[in-house]
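Order as written gives the chain letters A, B, C and D; numbering starts at 1 within each chain.
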């Protein structure tokens, strides 16, 4: 017993010595809440990489300068396993345990909505780069997003197709079990029927997450007489849908949404996707300025063109940085600082992100333009036109 | 001694089924072990076939080889110990022919197999008639014939028979025992039979053991056991 | 009519995946009465091995070491991957199931589930989060036959899977190993008494099942060229449904049930609003089992064969 | 033993004299110390703040701090629990002896109250702890209720996430529909003040709906069993998910959010106690024994005049009911539900908890749920490797203890709460 006590004291003394250098400067901790495992690990990877790229810049600059002081920055990257329950735990942990100033993520609405509730309860600012579900920010003053919403994107695409092709009959194919495609499909249908009259969406077909065979739905669509197919799906499903449609004899255009905007789309889909259109946040091919710089850096470091998640995460990081800087000074009182950051975020105007200009002006959702991209015959995403609210 | 068993102990969980029994069987003998239900008869056979693990302290040798070093299937294929289990355990979804063929799984002498098949059919002509019938659809007596035939095919140094009389009419029972005696005579196959039907078993065998609650309590020549008053009282119904 | 035929063609292709995976499931299930919950993930591993092998062969041909046409590469890919994946199955059996031979069956099922998670995560760690597309070894050719669209790949997939099913059926019927497997599904305990090396037969069963899963994985990669580490999960569970639905110990049953599952999913989506597909498709299965509680070909077995 | 290791032997003897009451007092002392001295001590040993979960995640994140975190855990938890436990042992034994003479509910309530107070104090240090604790308690309910079907009844049911989803949605519809402004009906129909009183009603409604859903699985189980039941239940899970995805009034795949924050630690704790208590009584009742008989041999059970239909029916409904209640609580802890949550992944998790902890065992379910939940949290810093470590651990447990860690053990309150007699006879 006595020897044990002596040992304890010794360990204690050593520990004291080791720990003398603990945190003198108030470090800015930013939480990254990403799905590193689970259903969509690629999204998590893009988030993590973009955030780490941003951190490199900050480290090179020696930290974030707020007022006149330089604060070191630490990223707290946690895995939400693509589960709502886990997202809530991770958010709570980051806020109460890791003392983050602001959180970026989660990405998918399934995790973003519950996490947003937590962040709002703890009065901690949160930016979800990718969640387009209106619920994420609704009635949650502390929660912001870096992307446009489904109610905006749906009409954009409907208008574009009507005007561009003069089509009257459209078909929709979407994942009924995933909130993003389902929401967008609904908004598209509504907008389309507003333009072309009731019943002008001649086929409204769905499948379930992780399905890979869409032949039955596509057969229905092909036989419905639709002139165009709108499918707001993720890149992996896009490849399958487009290829299967062609194999079943579909020769008409297929239009997509921002979820198409991944470097993987073309890799997986190949020639079948050439010539198709989709709406998105940014066009990687032919990008200029900051956007191009980001794409090139990301590509050099990780070996592939960043998708929209990475680009939006990058913007969210910069938004966070700008908001922190525009608070003027950090008091060290986390509660106060978080409030200040939130207020600064809501006042952001004309933020020049790589995914376009963003203005919050007191709201939690940015007003932001969408871009229509055409996939060229070289498989690049080329800028076609911009649609602003 | 062809098979020698020393201090065989087997436990199922905390329950000790065999408390260290010892016996031996010479080449070409017919030996029986009689005993009541639950005395440990089947366990003895299963231990020899290595289907149940023996406790430390057990020694079993067969033709001078340490039995404990063999896996259950090697006991059959390498040593030639065949075991007709209680209730026969035929593969009901296989045909008669397939049942017999399966028993030769590890044998690599197609000629020998063909000859043995002929011999089985010679001993049990009924099986030949039912060659392509599913084993599960045959009568009890035919099934017992098939079980013996199967054992004959898999290895014939020694045959372990577990309750061959179970569920058979007396006449059938007799014919099954007769054909086994035939095998013993013509092939020199050693036979160890365990039976509840003590009279049948003792008439059939040359030597016998009496097993009670996991212990061997009596042994001797079968005719003397048949005459033993204790055996008479306990196992022969008077 | 054209729509019906088109859907029939579609469901044949879709069903052949369920059938092939269900076969492996069913084989293990009939011998060991074990739910091999890792099987879906072995299918995934098989597909990835297929990608690796085909890239390897492509690299060899493009560097001039091998001079073979693409279709031969495909055939070789399928064969080599089946061979390699069978070892994955055997290792899974050796590590995860053999130590649990005498344990409650459900415990082994849980082990399988965990091995599946390890395979998925291992893939994620090794290859990263990106999805991999299967190299297109043969060009897709689309044929229009009276409004019904067929592709050469579809025909090949259905043909290969039927061929493999048939081959397996013959193997089970005609060879002594197949005989031993059938015997084991009837009476596991009595089999070693025939001098049959039980462990080898079980390993072979896992090997064959995994090889079939690998074939399914490669065919899947050809039809749906987007692979990800979790692709086997849902497939595994659905093939599990098909395998059990087919009835214990019935190769034919598992195949038919696999195709039936494919048909149900596709035709339900054809007739009803596709949003209700899972709802209706699985209600049908539930009804089938309520009124035919032992599957299609299975026999009612004693209550002692339990989990 | 005493000759070779006199010290540890004595220590063990001392520990063996401590009754449960004494341990609880020790734990109480530990958490009180942590509450008041924890921060200072943490800073003292060189940790930035009180480690949330016994310092495991600090150890994994910053290996240099392993001794510090270890020291903290030793000083704050192990030492006070041990010292207070041993020191108060005579007193606690006397108290326990006095309590045990009263009707059994009294000592049970005393112990639970003590336990809850310690838990509450422990959770007060950090909201993260409280959240983990609440979800762990819910996991206990889920695991225990699944154990009724898979362990006691010996079926292999895959429908548990489905029952949970039914409960979660039903309870959410009641609370969001009736009490939340701008909720489902546009207005709040009932004043919010009534909410906490009607919350149990919402949970019960969730449980009842889950039980009704269980009929779909229970009725076919009369005719079929084992493996076919496994796929019936799996089909049921797919069906429930599909139904919810298609129901617009619960917002389909978007999920429902905005559940009122009524599932605090005390509420969850009370429901968990209720769940453990009823299930423990149930499995020890005649009906519970009948389930075991069915598991061991259905035909024989039937022959022995066990009403197999009634037994199965009650078992399924009972288990589903508690899964539904757990689902309702789950929805109100997260304050968001989504049909995607109740899928195969959730199923794998609950199954893992049941089989890890131990079949046929109330203790086992508690052990399984707590250890897997806590492990899942504590190993978070390992990121993706967590999903290698946890499955490996489970496989090892399955190999070395095929029925789980603590199988076949019911909770016996009386023997648990009894005062401990020391080995040398002193009370």
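In this section, a contact is a pair of C-beta atoms (placed from the backbone, for glycine too) under 8 Å apart; a residue touches a chain by one contact, two chains touch by 3 or more.
Not measured: the values here are computed from a predicted model.
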item: Target chain D, source chain A, minimum contact steps; value: 1
item: Intersection of contact partners for chain A and chain C; value: D
item: Chain pair with more C-beta contacts, C-D versus B-C; value: C-D
item: Identity of the chain that, by mean CA position, is farthest from chain B; value: A
item: Euclidean distance of C-alpha centroids - chain A vs chain B, Å; value: 73
item: Between chain B and chain C, centroid-to-centroid distance (C-alpha), Å; value: 42
item: Geometric centre distance via CA averages, chain D-chain B, whole Å; value: 53
item: Whole-Å separation of chain centres (CA-atom averages), chain C against chain D; value: 37
item: Residue list for chain B, restricted to those that touch at least two other chains; value: none
item: Shared-contact residues (touching 2 or more other chains) in chain C; value: 121, 124, 233-234, 275, 277-278
item: Multi-chain contact sites of chain A, meaning residues that touch two or more partners; value: 36-37, 176, 208
item: Pairs of chains satisfying the touch condition; value: A-C, A-D, B-C, C-D
item: Contact footprint of chain A on chain C as seen in their complex; value: 3, 6-7, 10-11, 13-14, 121, 124, 128-131, 133, 136, 140, 142, 144, 149, 151, 153-154, 220, 223-226, 228-231, 233-234, 265-267, 269-270, 273-275, 277-278
item: Residue numbers on chain A that touch chain D, as the complex places them; value: 1, 8, 11-12, 14-16, 18-19, 22-23, 36-38, 78-79, 83-85, 88-90, 92-93, 95-97, 109-110, 113-114, 117, 121-122, 133, 135, 176-179, 182-183, 208-209
item: Residue numbers on chain C that touch chain D, as the complex places them; value: 29, 33, 35, 96, 99-100, 102-104, 106-111, 113-115, 117-118, 120-122, 124-125, 233-234, 237, 240-241, 244-245, 248, 275-279, 282-283, 285-286, 289-290, 293-295, 302-307
item: Chain D residues within the chain C interface of the complex; value: 150, 154-156, 216, 219-220, 223-228, 230-232, 234-236, 238-239, 241-243, 245-246, 295, 297-299, 344, 348, 351-352, 355, 359, 384-385, 387-388, 391-392, 394-395, 398-399, 402-404
item: Parts of chain B lying in touch with chain C, wherever the complex brings them together; value: 49, 51, 71-74, 76-77, 82-83, 85, 89-94, 98, 101-107, 150, 154-155
